[in-house]
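Next up: the structures, one after another.
The two complexes that follow have chain A in common; it is paired with chain B in the first and with chain C in the second.
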Partner chain A sequence: MNVAKVLDAKGLSCPMPVVKAKKAMDELTSGQVLEVQTTDKGAKSDLPAWAQASGHKVIDIKEENGILTFWIEKG
Partner chain B sequence: MAKIISVKEVANKIIRGEKMFIVDARNAEEFANWRIEGKNVEVVNIPYFEILDGVEPFLDRLPKDKNTTIYSVCAKGGSSEFVAEQLEQAGYQNVYSIEGGMKAWSEHLEPVKIGELKSGGTLYQFVRLGKGCLSYLVESNGEGALIDTNRMTDVYVRFVKEHGITIKHVIDTHLHADHISGGRKLAEQLGATYYLPPKDAEEVTFSYTPIQDGDRIQVGNVVIKALYSPGHTIGSTSFIVDDQYLLTGDILFIDSIGRPDLAGKVQDWVSDLRQTLYKRYKQLADDWVVLPAHYMGPNEMNEDGSVAEALGVLYKQNHGLNIGSEEEFRKTVTENLPPQPNAYKEIRQTNMGKLSPDEEQQREMEIGPNRCAVR
Partner chain C sequence: MSQQKKKTTIILFSGDYDKAMAAYIIANGAAAYDHDVTIFHTFWGLNALRKDAHAPVQKGFLEKMFAKMMPRGADRMGLSRMNFAGIGPKLIKHVIKKHNAMPLPQLIDMAKEQGMKLVACQMTVDLLGLKPEELIDGIEFAGVAAYLADASEGNVNLFI
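On to the complex of A and B.
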């Protein structure tokens, strides 16, 4: 996977992980992948829901040591 | 900056029946599962992550009059502030973010005075609006008994201190499956006796005082009598307070009846439930006021915020008390049941003392409505 940008949103709580993911995504072009790292439990369902509503695609999710990592492809 | 409103103020508005327009900013799945309800409450679901660029795409679902008061809510109170600011930017003048979100809403307990007791004393109901749980305080001559308490023990402790009440007895009508009981903790903290029906307590890991049919508990000048009334669980016990009030636990609600399937023995318990509702309770006085451990919706709430109705009225109006044939009754309470409460198995184990989740885990386990009833 070719990650174009990594967003470290660890320690931030709702709504900031999604707000920052949106800003980061705005700077990418279609097909590029954004990696988002977060520790906010709410992001687990909200990031995919945001991605779907915005036409992006969640390619993979990993949960390790309390850190959630998402790879989202810009639509 | 968005204005903030506490869940206590929201609870008071709902109890007063005020009109409220709420924007719920959680995702669609969470919203579908559980939301703020009230007689005059209108809620729309606009997830915060869909209005990152502004609320314009959703204007048709928002009030036309920009002076309308709007309340925003989310899971914990962060995103609702963001949403409130977005609403303000769209020109809305009176926007309040609900502090602490659905988490705080789920944990808020509102004390409502039910009435005075003939023998001297007062009965209070603690209404947990966010989850539909009801718990009780019987007070007489400075002594008190708490029944079916929630895990937010500090609320009860503060209340009894403020009112100068010494709690002597803490009782659970049954082993709860929808919420974590505060009973054991309160009894320890206040130096009170903790009572459980022994048939529900066979697997508990702590010591307790068994409460059996016919037992009497003296609270000041008032007597609380135990009436064995199985069906929701095998141990379910009702309590008669001062020959005026009937605490039914999860056996009989205002607009529904208990479900017999939360401990895995649905077929065994159907006939117990039938017996309790159609024989045992039928012998009681019509004017006794039923006080259940739950309610399901705002239609069950009285004008003063209480959830209570005379037994005689329920025998006329509650569908679950008016099913003629045993076969139809069996079908009603065993088929097409609503989904079981969130994490009900883990909640039961916690109430038995087998699991000791931390506070955050307890919150997670209790998320969502109580779903203890069959309509």
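On to the complex of A and C.
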């Protein structure tokens, strides 16, 4: 997987992971992949919901040592 | 995306720190959803838009009384529950810091940064004796018709 940008949102609470993801995504072009790392438990529902509503695609989610990592392809 | 952007409008009537925080969290989330967001501040919600510094303005007696009794700026607002004469807000700010959440003044800055439309209701601004100089920069003044114009196209409309 070609990750174009990595966003470290660890330690941030709602609504910041989504706000930062949106900002990071604005800098990418269609088809590029954004990796988001977060420790916010709510992001598990929040980021996929945001991605779907914004026309992006969640390719993969991984949970390890309390860190959630998302790979989201820009639509 | 070329289609028309979705819209979120929030009426912030409350001057409570916690309720304003909820409003601004939803607003910032909506902006991340690429919505056009309008927050229409009326009555006690206007206090969120007050500058924390004293602004030299000419006022009548009643207006001065109102100005004194209302919190000057978002950071001075009380809680809707467990305010405990001002100890509650201190506690909640401590907890906000501990959980790395964003305090209200930063949420308002973030809202401006995300290009949100922050509106002060002109009628209640006059009613409470507030002057434009006492309110933060970059806001608009409008009335019910302007709100309804936004809200009638709104996908999410909230009253807090």
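FYI, the second predicted complex is superposed on the first by the 75 of 75 C-alpha atoms of A that agree within 3 Å, B and C clash if a C-alpha of one lies under 4 Å from a C-alpha of the other, contacts with A are read in each partner's own complex, and residues count from 1 in each chain.
One rule holds for everything that comes next: a contact is a pair of C-beta atoms (placed from the backbone, for glycine too) under 8 Å apart; a residue touches a chain by one contact, two chains touch by 3 or more.
All of these numbers come straight from a predicted model, not from anything done at the bench.
Engineer: Check whether A:Cys14 is in contact with chain B, with chain C, with both or with neither, and answer first, second, both or neither.
Structural biologist: Both partners.
Engineer: Is A:Gly55 in contact with chain B, with chain C, with both, or with neither (first, second, both, neither)?
Structural biologist: A:Gly55 sits against chain C, while chain B stays out of touch.
Engineer: Of the partners chain B and chain C, which touch A:Val3 in the superposed model: first, second, both, neither?
Structural biologist: neither
Engineer: In the overlaid three-chain picture, which partner chain does A:Ile67 touch, first (chain B) or second (chain C), both, or neither?
Structural biologist: The answer is neither, since A:Ile67 touches no partner chain.
Engineer: What is the contact status of A:Ser45 with respect to chain B (first) and chain C (second): first, second, both, or neither?
Structural biologist: After superposing on A, A:Ser45 lies in contact with chain B but is clear of chain C.
Engineer: Common interface residues of chain A with chain B and chain C?
Structural biologist: Touching chain B in the first complex and chain C in the second, residues 13-16, 18-19, 22, 50, 53 of chain A appear in both lists.
Engineer: Which positions of chain A touch chain B when the two form their complex?
Structural biologist: 13-16, 18-19, 22, 42, 45-46, 49-50, 53
Engineer: Which residues of chain B touch chain A in the complex?
Structural biologist: 27-30, 47-50, 52, 74-76, 78-79, 82
Engineer: Residue numbers of chain A touching chain C in their complex, please.
Structural biologist: Listed in rising order, the residues are 11-16, 18-19, 21-22, 50, 53-55.
Engineer: List the residues on chain C that touch chain A in their complex, please.
Structural biologist: 1, 25-26, 28-29, 31-34, 99-102, 110, 114
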